[in-house]
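In what comes next, chain A is part of two complexes: it sits with chain B in the first one and with chain C in the second one.
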Partner chain A sequence: MVFYAKVLETTLLFTMFVLSVYMLSGLTGLFSLGHGAFITIGAYTAGLATTRFGLPIWLSLILAVVVGMIGGLIIGAPTLKLRRDYFLLVTFGFGEMVRALLLWTAQLTGGAMGLAGIPYAAELPLIAVSTLVVVLFVANLKKTAFGRTCIAIRDDELAAQAMGVNVYAHKIKVFLLSAAIASYGGALLAFNMSFIEPNLFNWLESAKLIVIIFVGGINSVTGALITGIFYYSFGELFRFAHVWRDVILGLLVILVIVFRAQGVFGSWEFSPAWIRSRFHRRPARNQEA
Partner chain B sequence: MELLRVDSISKNFGGVAAVADFSMSQGAAEISAIIGPNGAGKTTTFNLISGVQTVDKGSLRFGQSDITRLPSHRIQALGVSRTFQNIRLFDGLSVVDNVKISYTPQLGYSVLDELLSTPRVRRKERLIEERAMEQLAFLGLAEHAKKKPKSLSYGLRRRLELARALMPEPRLLLLDEPAAGLNAAEIRELMSTIEHIHREKNLSVIVVEHHMELVMNICTRIHVMDFGRKIAEGTPQEITRNEKVLQAYLGDMGDV
Partner chain C sequence: MGSSIFFQQLINGVSLGGVYAVMAVGFGIVFNVLKFSNFSHGGVVAISAYVGYYLSRNVTDNFWLALAATTMIGGAVGLLVERLVFRPVRRAGKPLTYFFVNSITVAMVVQQFFSAMWGAHYFAYPDFFERTAFHVSGLVISRTYLLMLVISAVVLLALTLFLRATKLGIAIRAASSDIYTPPLMGVNTDVVTGLTFVIAGLLAGITGFFLGMTYTVTPFIGSMMLRGIIAAIIGGMGSLAGGVIAGILLGAVEALLIAEVGSSVTPIIIYLGIVVLLLVRPQGIAGKPYTVKA
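Up next is the complex of A and B:
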């Protein structure tokens, strides 16, 4: 049972990362290979705040989010004006920079030896509630003007700007929100694992988050959510399959991209309205019969 | 009353002068046209007025504001709205959501409101939905509201762009080749729509157009461009008699 609880905790945490990238890459079409940097920043801020400075858990969580957002602003403000391919390269560099910085400041961070002894404070209830809140946040944003504006920017930046959208300001908002979610999740990850090291979340892991979103469908939060849960629990539960695990997953990804470019879930969303529509259809069928 | 004042604007791309020393004045309830052969700089002029590109020289005034160096979203907020020659709709959004985009800046609620989906947001979302649906109904698109733009016919997509441009209640509407790709019946429909909008909403319209029937019928003033410069200006009657215009533009049409 402990094993399954652990799998669930990890899965939910990683799902939170998927959602943070969903806003950035799925909704707004900005690709970041350095998203793991925010997770790492969040984890280290929380870890250092508790082990080195003796701050309480709740304050460390807030601090992690604040530091993550400051990092987002520093890297986002100059680069979000660039073309998207350059943005991708810069975020990649940012991820490597954060890693190098952690190794370099070994006296404080423990460097390559990692940081141990972080209090085990993030158990299943806290993680589950946090993930649920993030899901609701992202779903709310997608439904309203914020999400529409994201999609407009993704589809045609020039037209969006001509229709009155302040493209740059909106990209900054998205990037900061995404960084905030990632660093909050990173802090929870630190409190869950008790030990962190600079390679906690490298660029390959960041790239996986983007792949998951494309497999799920860039127009569906539900898709990102379910695909994320599936991928990360699959990874944990099928450990016995060793290398074949990655081969199977790789094959699945290729099949989806080739045969269903809009992603498994297309633009379908799970919602109360959808459930209601399921129930309302039944009586109608009975009448026909 | 003067609404838009374009004062000898120029724009170069590399060594090519796309627009050179172009000036025009547009009244608050006027329908005018910019015509000229392909590559004359008409669309660039639109891009300069709407702030999609910035001028190299010259100045632009809209109402009381100097808009020469403003980015396009600020110019839109002042009341300049436009359509595009090569339709630029947001394919990831439904028809009704496409229309809502151009009204977003006026909503005025914060990200925090939206995260929590507060009653204020829900009320405003209902309001904007109503407005967008009215706009769609006005242009006969109401039944397509939930579809994606890609599933509409070309003519309907053009009309959707018009609906999107009208949503923020602009004072000046820039239509970039609204008749391109439409058949004769659709063009007649478009003409009556433009005249209807002009009467109903009392707004100022500039069209860039190749279709002479449309230009001659609905516009009161015509500016003719060739190689980035303005070669003539006047009423439709004056333009049809102008030597230079016949040479540069209508002359070409005569050869066809």
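Up next is the complex of A and C:
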């Protein structure tokens, strides 16, 4: 039973990471190959705050979010004004930089030995509630004016700009929000695992988060959720296939993109309106989106 | 740092910088034509490193033969990746995003495949030469490093000639400035993009072989592509010449920094330097600003 609870906790946490990337990549069309860096920053800030400085848990969580957002500002401010590729490539470097920074400050962070003895504070209820809040937040964000503007930026940045959208301001807001969610999730991860190390999230883990969204379909939060839950729970339940699952995931992605670019779930969303439409034979309002 | 150590590090750094330059050009040439960040380049580099290891251990102990064969196989893998992964996306006229996602997927599949197969093993290339170093007025010049530098220079020169003087090279340059117009002039875009990936693959083959020779071969060797990407950014995206200069510069600065402040701080300084560079001069060394076109 404990094992399955653990699987559920890990899956929920990773689902939160998938959603933070969904905001950035699915909604706004920005790709961060260093998103794992924010998770790592959140985890280490929380871990260090509690073990080295004896701060209470709630304060450590807030601190993790703040530090993660500062990191996002440092990376986002210069790169988001430029072509999207710069953002992508610099976040890739940022991920490596955070790792190098942790190894360099080994006296404080434990370096390659990792950081142990973080209090076990994030149990299933806290993780489940946090993930649920993030799910509702992202699902609703997609329907707001802000979310629609982000989708416009994703589909045609130049056209959005011509319609008077402040592209830079939108991009940086989404990026900071996404970084905040990722570092909050990272802090929960630290409080859940009690042990963290610099290699927790390399660029490959960040790439996987993006890839999962594309399997589900960039227009579907539900798709991102289901694919994320399926992928991460599968990995935890079948540890023997751990390495091969990424090869399978990768081949699946290429097949999906070549033959069904809109993703497995297209733009289908699970919503009360959709459920009602099943009973009343009336088209759901969000289906044509 | 004494002057002899300084020059020693400089020579080693410039040699490694030559490899970074080849990597930056391989990355940049695809970026120029199709305008996306081709992460699958790192995958082809990794495949080449393993192929080079296999060939030099099991087939031939001749350096030149092994290098040539690895380069050819790199080119073939590049073409294969283009055919299987990028061509369908391009034919369907899908947005650039899908090219990019496919390219990171290829990099991921390659790395995870090697991890699954030989994750626990580290492979070292054989020593190709008996006398591995020259001594010139107190400096020790490794023969491998010197060869790496010379070969990188020759390859880049040959590529420049190809791009400037041949019909296919001109077609690639035309496609780089605008991929929609050349087909109207009777240029076959399929051939041009295929050729671009073959060239990138050949360069990846050389890179993979050299990186395998310099370091040990692990599943993560493809991540070394980060250096090539950094060089491409510093040089100015879209400029191959800028990438070459930046690659050599990066190699030299990196080697000197490692000697001066240690290998743990060096990456931090380099990445911070890039963020600062993008703040003050985003167009890089080459000075060609890159913006999104309609």
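Note that in this section the second predicted complex is superposed on the first by the 271 of 289 C-alpha atoms of A that agree within 3 Å, B and C clash if a C-alpha of one lies under 4 Å from a C-alpha of the other, contacts with A are read in each partner's own complex, and residues count from 1 in each chain.
Following the convention adopted for this analysis, a contact is a pair of C-beta atoms (placed from the backbone, for glycine too) under 8 Å apart; a residue touches a chain by one contact, two chains touch by 3 or more.
This structure is a prediction, so every number in the text was calculated from the model and none was measured.
Superposition of the two structures on chain A leaves chain B and chain C fitting side by side, clash-free. In the superposition on chain A, contact of A:254 is made with chain C only, not with chain B.
In the superposition on chain A, A:1 contacts neither chain B nor chain C.
Once the two complexes are laid over each other on the shared chain, residue contacts for A:137 go to chain B alone; chain C is not touched. By the touch criterion stated above, A:177 is placed in contact with chain B alone, chain C being left untouched. By the touch criterion defined above, A:158 reaches both chain B and chain C.
In the superposition on chain A, A:208 makes contact with chain C only, not with chain B.
Within the superposed three-chain arrangement, the count of touched residues of chain A is higher for C, of the candidates chain B and chain C. Contact with chain B, but none with chain C, is seen for A:166 once the two complexes are overlaid on the shared chain.
The three-chain arrangement built by superposing both structures on chain A places chain B and chain C 80° apart around the Cα centre of chain A, to the nearest 10. Residue contacts after overlaying the shared chain place A:243 against chain C, while chain B stays out of touching range.
The overlay of the two complexes leaves chain B and chain C separated by a minimum Cα distance of 9 Å.
Counting contacts by the rule stated earlier, residues 158 of chain A appear in both its interface with chain B and its interface with chain C. Of all residues in chain C, those touching chain A in their complex are 31, 36-37, 39, 84-85, 88-89, 92, 94, 97-98, 100-102, 104-109, 111-113, 115-116, 119, 223, 226, 229-230, 232-233, 237, 264-265, 267-268, 271-272, 274-275, 278-279, 282, 290-294. Partner chain B is touched in their complex by these residues of chain A: 137, 140-141, 143-146, 148-149, 151-152, 154-156, 158-167, 173, 177, 219. The residues of chain A lying in touch with chain C in their complex are 29, 31, 33, 74-75, 77-79, 81-86, 88-90, 92-94, 96-97, 100-101, 103-104, 157-158, 202-204, 207-208, 210-211, 214, 243-244, 246-247, 249-251, 253-254, 257-258, 261. Contact residues on chain B toward chain A in their complex (touch as defined above): 50-52, 71-73, 76-77, 81-82, 84, 88-93, 97, 100-105, 107, 109, 111, 114-117, 121, 125, 128, 164, 168.
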